[in-house]
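Two complexes are shown next, each including chain A; its partner changes from chain B in the first to chain C in the second.
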Partner chain A sequence: MLQINIASAIALSDIQKKKLEASLQKKYSKEELAFNYQVKEELIAGLSVSVAGRLYDTSLRARLNQLASKI
Partner chain B sequence: MDIQFPQIIFQMINFGLVLFFLTRLVYKPVLKLLEDRKKKVAEAAKAAEQVLQEKEEIEKLKESTLLKANQKAKKIEDEIRKEAKNDAKLLLERSKEEISAKEAKFSSELAKLKKEELKSMEAEVKKAALVIAEKVLGSSIDGKKHQKLIDDSINEIIESL
Partner chain C sequence: MSKSDIFANLSSIKDSDLNAQSVSIGRVISYADGIVFSDELADVQAGELVSFGNDGYGVALNLEKEKVGIIVLSGARKIKAGDFVYRTGKILSINVSDEIVGRVIDPLGVAVDGKAAIKKDRDMYLEKIAPGVIAREGVNQPLQTGIKAVDALIPIGRGQRELIIGDRNTGKSSIALATILNQRDKDVICVYVAIGQKKSTLAQFIQTLDDNGALAYTTVVSASASESASLQFLAPYSGQAVAEYFLDKGKDVLVIFDDLSKHAQAYREISLLLKRPSGREAYPGDVFYLHSRLLERACKLNKENGGGSITALPIIETQANDVSAYIPTNVISITDGQIYLETDLFNSGMRPAINIGLSVSRVGSAAQLKAMKQVAGSLKLDLAQFRELEAFAQFSSDLDAATKKQLDRGKRVSEILKQPWDLQMSVAEQVLMIYAAVNGYLDVVEVTDLSSWETEYLAFARNNFANLFKTLQTGVKIEGPQEEDLKKLIKEFEKTHPRFYKKEA
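Right after this comes the complex of A and B.
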């Protein structure tokens, strides 16, 4: 079973969860997926998805960190 | 008055004898003494002249030696002055070089310190900017904006899958 950890600044709505899950199911169609949702206020806004050792981080915290490393 | 020839002859012989003895015993020794004295005076004069000449030579030698000594002393003095001047010049040059080296070292250290300080300040400014950005963004995002940002994030993740 493939564990998918989803962290967001606020709790996701059901519509948002379904949209995200559907896309991930499509990408990993051969795997059985387990979704773990977490609320992390330190992300400020947006969300991050960790799957199979890969991290998709589009949170405001990540963007600020990118900005900080650039300056 | 009758002329008595024997008396005259006797007087003549007598005079001759007196003349002979005087010449033999007084005149010649006195003459010899005078000659000797004259010779001695001449020798003394010659010796005196020689002494004077020697004195003049000694004076000349003295003057020459003094002149040479003065010249030598002047030469030594000049050399010492020249050497001292060179030493002073060398010392000055060395001092200038040392000062330049110290100045360069000081400038280098100052530049390094400035760079480090600037770097440290930059890091502090970055941290401060990040904290300010977090505070501003955190407080300015309301529920609606949060939802919009979540939707945008979901779309972005779906695109990158």
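Right after this comes the complex of A and C.
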């Protein structure tokens, strides 16, 4: 079973969760998925998804950090 | 920030790609005793700097299939189980600039002396492969310690690694300190690495350097006893990185590791906590490589590579004079010789408490100044004969005249090797004293008078024979005219200072 951790700045609605799960299921079609949801206010906005040792961070915090490191 | 900088920044912001990229992460499984075990982090490199977010950093040391062992360097208080661990893609390095001279830094290159931040110049890797054979040349320039016994009998050359070994309280650090103090106006940068020492001792050490104007050319790398084992483990490599920055500029550098026994202990602690298999005395299998890769970076580069040098003086503390313990034997075999200090000698008033018989310098004599070499040859012989006879003479009371003479000579020769730690002697002074001793000019002076004889004789020579003094200072071979001058000097001194020569009259 593949653990997928999803962190968001505000709690996701059920419809949002369904949509997210469906698209992730499509990406990892061969695996059985388990979803863990988490609210992290420090992300400010957006999602941060970690799967099997990789982090896909689309949160505003990550982009601000990226920007800060560029300057 | 100037206007043009702002515009440059704005365009870099405009051009920057802020799309989400997937990064490799792990999660903290456990954190205890300064060691984090993290899962995943599949593509992390050995020795890579990893981040815990919030200014927390560590170094990945153990790469295993299921987990990664990380030593924590900073931000330890904020780490929780389940936290993300990020790769940084960087190998551990510290930033060094010319401003680092005269400062006290921690093993990560951050100033800890309360003065302004150090300007940034170059990133120097903590771990670096030592220069190869092609880039090096033989040790050919002396590094004067200002200590008669060392400069004459166990000479140290620039680029050499000379171990200072002995029990606690035998004056190991004093030899190192005296050597730093003697480098004033000699265009040598000094790096002093304090590993696992008391902060009070270090503060005193730095104060002494400052009082003697030696801090102006010295950098102190401090990982005191209260610092974590990981910082103590990194400290000598930081010191070496600072030294290499100046080496690359063609400078001569002296680096002192005080001491490597504590360093080995810190590494043992880390290794045991990382669950690496332990070997003799519970040290891990690679404790030899730990020190050999550090000391191998001491070198003398040839002209094409800048001609700089790094001289390393590692210090090892023994327990009850046991030089055959694990770490001492390791470091003895790595270095180019050792200065062996003994408690018995120290307590009998022989300071520096160097055991001449057991101390050697394997490469330094090639770099020794000509004049010094000349006088030191007979000094060695006198001392060797004295030691042999001394034991023998204890059995019989009446000795023949020749033996008695040799004993008297030996007593005086070993007496003049005594020297207070804070008195640095120039080449000329050393040559003058040793010349007088080995040529029998001291045989008529009482042993107890020798130290005042020395002071007055040297002052007399400096004032009345300035030319000879200057010539000797260059270290050229003593030949006809100098020899005559030396004889004249002693004769005149004898005339003007009769109080030392009562016995003869």
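Note that the second predicted complex is superposed on the first by the 71 of 71 C-alpha atoms of A that agree within 3 Å, B and C clash if a C-alpha of one lies under 4 Å from a C-alpha of the other, contacts with A are read in each partner's own complex, and residues count from 1 in each chain.
Simple rule for what comes next: a contact is a pair of C-beta atoms (placed from the backbone, for glycine too) under 8 Å apart; a residue touches a chain by one contact, two chains touch by 3 or more.
Predicted model only: the values in this text are computed from it and were never measured.
After the superposition on A, what does A:Q66 contact: first (chain B), second (chain C), both or neither?
second
After superposition on the shared chain, which partner residues are touched by A:L2: those of chain B (first), chain C (second), both, or neither?
neither
For A:A34 in the superposed arrangement: first (chain B), second (chain C), both or neither?
A:A34 contacts neither chain B nor chain C.
Contacts for A:Q16 in the overlay, against chain B (first) and chain C (second): which applies, first, second, both or neither?
Only chain B; A:Q16 stays clear of chain C.
Kindly classify A:T58 by the partners it touches after superposition: chain B alone (first), chain C alone (second), both, or neither?
After superposition on chain A, A:T58 lies in contact with both partners, chain B and chain C.
Classify the contacts of A:L24 with the two partner chains as first (chain B alone), second (chain C alone), both, or neither.
Only chain B is touched by A:L24; chain C is not.
Please tell me which partner, chain B or chain C, touches more residues of chain A.
Ranking chain B and chain C by residues of chain A touched puts B first.
Looking at the overlay, does A:A45 come into contact with chain B only (first), chain C only (second), both, or neither?
Only chain B; A:A45 stays clear of chain C.
Would you tell me the residues on chain A in contact with chain B in one complex that are also in contact with chain C in the other?
Shared contact residues on chain A: 56, 58, 67, 71.
In the complex of these two chains, what residues of chain A are touching chain C?
My answer: residues 50, 52-58, 62-63, 66-67, 70-71.
Per the contact definition, I'd like the list of chain A residues that touch chain B in the complex.
Residues of chain A touching chain B: 8-10, 12-13, 16, 19-20, 23-24, 27, 44-47, 49, 56, 58-61, 64, 67-68, 71.
Any idea which chain B residues touch chain A in the complex?
The touching residues are 126, 129-130, 133-134, 137-138, 141, 143, 145-147, 149-154, 156-158, 160-161.
Any idea which chain C residues touch chain A in the complex?
Touch residues, chain C against chain A: 9, 12-13, 16, 18, 20, 22-26, 39-42, 84, 86.
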